[in-house]
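I've put the structures underneath this note.
Look at the two complexes coming up: chain A is in both, with chain B in one and chain C in the other.
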Partner chain A sequence: MKKIFQVALGIIAAIGGFVDIGELVFNTQAGADFRYQLLWAVPVGVLGIIVFAEMTGRVAAVSGRPVFDVVRMRMGLNVGLVTLVASLLINLITLAAEVGGAALVLQLLFDVNVSTLILLSVMALVVIVYFVPFGGIERIFGYLGCALLVYVAAAVHLKPDWHQVGRGLVPSWHPSALYAYFLVGVIGAALVPYEVYFYSSGAIEERWTLRDLNLNRANAFLGFALGGILSIALIVVSGEVFFGPHIQPGYLGTTALGAQHAYGEVGLLLALLGMLFAVGGAAVECAFSGAYTLAQFAGWEWGKYRRPHDAPRFTLAWLTFFALAFVVVETGVDPVLLTEYAVIFSVVALPLTYLPVLLIARDRTFMGDHANGLVGNGLGWLYFAILLVVSLAAIPLTLITAAGSH
Partner chain B sequence: MDRIDLVYRVLDEQLVDVDGRRCGRVDDLEFEGDIGDPPRLHAILSGSGTWHRRLPRPLRAFGERIFGVGVSGRDVIHVPWTQVDDISSVVRLKVKARELGLGQGDERNAMLVGKLPKS
Partner chain C sequence: MADDLARGRTKTTFVRVHGAELSAQAEHEAEKLNDDPVSPELRGPIKAAVKLASDIGGAIDDLRVSPQDRQQARQDEAKLHHWAAEAGTLAETL
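And then the complex of A and B:
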């Protein structure tokens, strides 16, 4: 019973932690521009992250290897270095976007100078991360991020045309670069790599063993799939509220108006609270992911379960990530624009981390009886092909559409 | 020990000392033996000072400037093969990292981090 309770709590945290600024930006814009027509991109992205995260969790539980350990070992130094540099830059841009997003939400709540709020956000995140244990951090942000479930309620409350919603979930194609750009963006927003680095390193932090393989499956399948419902709700609400009057949600606060439309002030407050903790949690995951990747690649001691003194370079790395993100956001760059670039570049670099994980997950030398079976390999290679296509299309589409602006 | 594929199972692996402390990676391998004789694995080399030698040739000079030229005891540590205890998902050593000069970066920064509260 206790185990089931633990699994349930983990799943709730995964739901609340699934959505980050990438979904808030891309899914809202996709709904505003194409109503329900891009809904099908959500299950494509969600199944992708389920496949990827399940493999990384299994590899961590069986062989004790986190993602960047696998990258270094399977891809060697040269490709590993390229992957490392790309991942660190993407992590930094994403972290800056999340911190900027948190400050913008706080500004809507408290009407204080945004520059001060950026500083306060970074300081609060650093203090929480430094003093709260790993499991606590995951749960604080995961549970409070569940306030975003107001979007699921709003999506039902707004009485959309369910027939149209159902048709949106069936893959379709429109010969438009903007449609393709948002297709890449919605898939990419679900498949952000830092979540996977964090998930796999977290499995090592929590000392997963073979006995945790079911927990891994439950977290990956249920947590991410239920989180995907939130993603779908964001598009449905946006399609209902912004598509008709041609409103462009270029400002993060506009996303919250969808919930207000359904439930007034309470809806708005729940949406803002959920957004605050969703982007705050994502910021923590990004900073940790940056430190994990660096430490694992170089072979340093790492882990939140270690005292800072016992993993000093790891500690300095995540502190430095927060400091750098603070500098980036204080330049006044728009967090929404940062988010778009973060998601697009993540998509471009994704095959570099996905391939080594797939190669290890199917290798019986390292995984024994827990290596990918026929279905696991089939899905694994199918998603590698999808990721390659999406990765190659991402930059040209960004240039053609000027990052989704026309 | 059975036959072992060094590139597949040892190169780029995590080094862990006798206390379970992560203390670097297998960045290169050093062999000894005269030409014509069978080479013998002599030592594991660990440290970023080895990295430039593994980069594509046009990038090696740049790599030296970024990662170090390979000064023994500083940016390259020789770990005698005889000090390897076990090869599993990590390369486990028989001794403490400090005795071999591994993990110096963590030790240097531990002083700084040690000044933080509750560290």
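And then the complex of A and C:
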């Protein structure tokens, strides 16, 4: 019973923690521009993150090795170093976008100068991360992020044409670069690498063993899949509210309008609360992911379960990430634009971390009986092919569409 | 936003902040249209578009300056709907 309760709590936290600023930006814009036509990209991205996360969790439980340990072991120092630098830069851009997003949401709630709110956001996140244990951090942000479920309720409340919604879930093609750009964006927003680094390192933090393989499957399959429902709801609400009157949701405030349209002030407040904790949680994950990757690659002591003075370089690393993100956002760069670039660059770099994990997860000499089976390998290679295509298309599409603006 | 404001279904701080973002964007679009070089046959429509963008920015500014005024919000909502339709018609003529 205790185990079931633990799994259920983990899944709730995973649902609340699934959506980040990438989904809030890309999915809302996709719904506004193409109504339901890009819904099918969500399950494609969600299945991808399930496959990737399940493999990294399994590798961590079986071997005790997190992602960047595997990357360095499998790819060697030089390729590993390139992957590390790319991952750190993407983590930093994403962290800056999440911190900026948190400040923008606070501004919508309290109408205070955004520069002050950026500082307050970073300070609050640092204090929470420093003093709250790992499980507590996951639960605080995960549970409160569930306020975003207001979008699921709104999607039903707005009475969309369910036949059209169903058709949107069937893969289709629209001959425009903008459609392809948002297709890449929606898939990429679901497949952001920091979530996987965090998931895998979290497995080590929580000392997963072979006995936790079922927990890994439950978290990966149910948590991400149910989180994907939130992503779908964002597109449906946006398609209902913004598509008809040609509204371009270029601000987080516009995304919140979708929930307000359905439920008035309560909907607005739930949307803003959910966004705040979703992007706040994602900011913590990003800062940790950056510190994890650096520490794992360099062989430092790492882990939130260690006291700061027992893992000083790891602690300094996540603090530095927050400080750098603060500097980036304080320059006045638009967090929404930053998000678009973070997702696109993440997509480009994704195969570099995905491939070594796939190679290790299918290696019977390393994983024994827990190596990928036929289905695992099939899905693993299929997604590697999808990631290659998406990563090659990402930058040209960003240039052609001026980052989705035409 | 104007409709929700008129029906008391939103939050004052939200209207102030989001309204400022939207009106700034409308003003920015008006400036861009005004500054871009255009061919003589497009001067008329561009002038109309600049006026529309400027009017829309102004109406949104009214909303955010007095978010408690539901009557004003209702009037602004009607104006904004009208201008949205005008903008659509203008876009089709180009």
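The rule is short, and it goes like this: the second predicted complex is superposed on the first by the 406 of 406 C-alpha atoms of A that agree within 3 Å, B and C clash if a C-alpha of one lies under 4 Å from a C-alpha of the other, contacts with A are read in each partner's own complex, and residues count from 1 in each chain.
Please note the rule applied: a contact is a pair of C-beta atoms (placed from the backbone, for glycine too) under 8 Å apart; a residue touches a chain by one contact, two chains touch by 3 or more.
These numbers were taken from a predicted model, which means no experiment stands behind them.
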item: First (chain B), second (chain C), both or neither touched by A:127; value: neither
item: Which of chain B and chain C A:210 touches, first, second, both or neither; value: neither
item: Chain B versus chain C as contact partner of A:245, first or second or both or neither; value: second
item: First, second, both or neither for A:313, with chain B first and chain C second; value: first
item: First (chain B), second (chain C), both or neither touched by A:63; value: first
item: First (chain B), second (chain C), both or neither touched by A:268; value: second
item: Touched partner set for A:111, first chain B, second chain C, both or neither; value: second
item: Chain B versus chain C as contact partner of A:253, first or second or both or neither; value: second
item: Set intersection of chain A contacts, chain C complex versus chain B complex; value: none
item: Touch list for chain A against partner chain B, complex; value: 63-65, 69, 72-73, 76-78, 80-81, 130-131, 295-302, 307-313, 315-316, 365-366
item: Complex interface listing, chain A residues touching chain C; value: 107-111, 245-246, 250-251, 253-254, 256-257, 260-261, 264-265, 268-269, 272
item: Contacting residues of chain C [partner chain A, same complex]; value: 1, 4, 7-14, 16-18, 21-22, 25, 84, 88
item: Residue ranges of chain B touching chain A (in the complex, touch as defined); value: 8, 11-15, 21-25, 27, 46, 48, 51, 54-56, 89-90, 103, 105-106, 109-110, 112-114, 116, 118-119
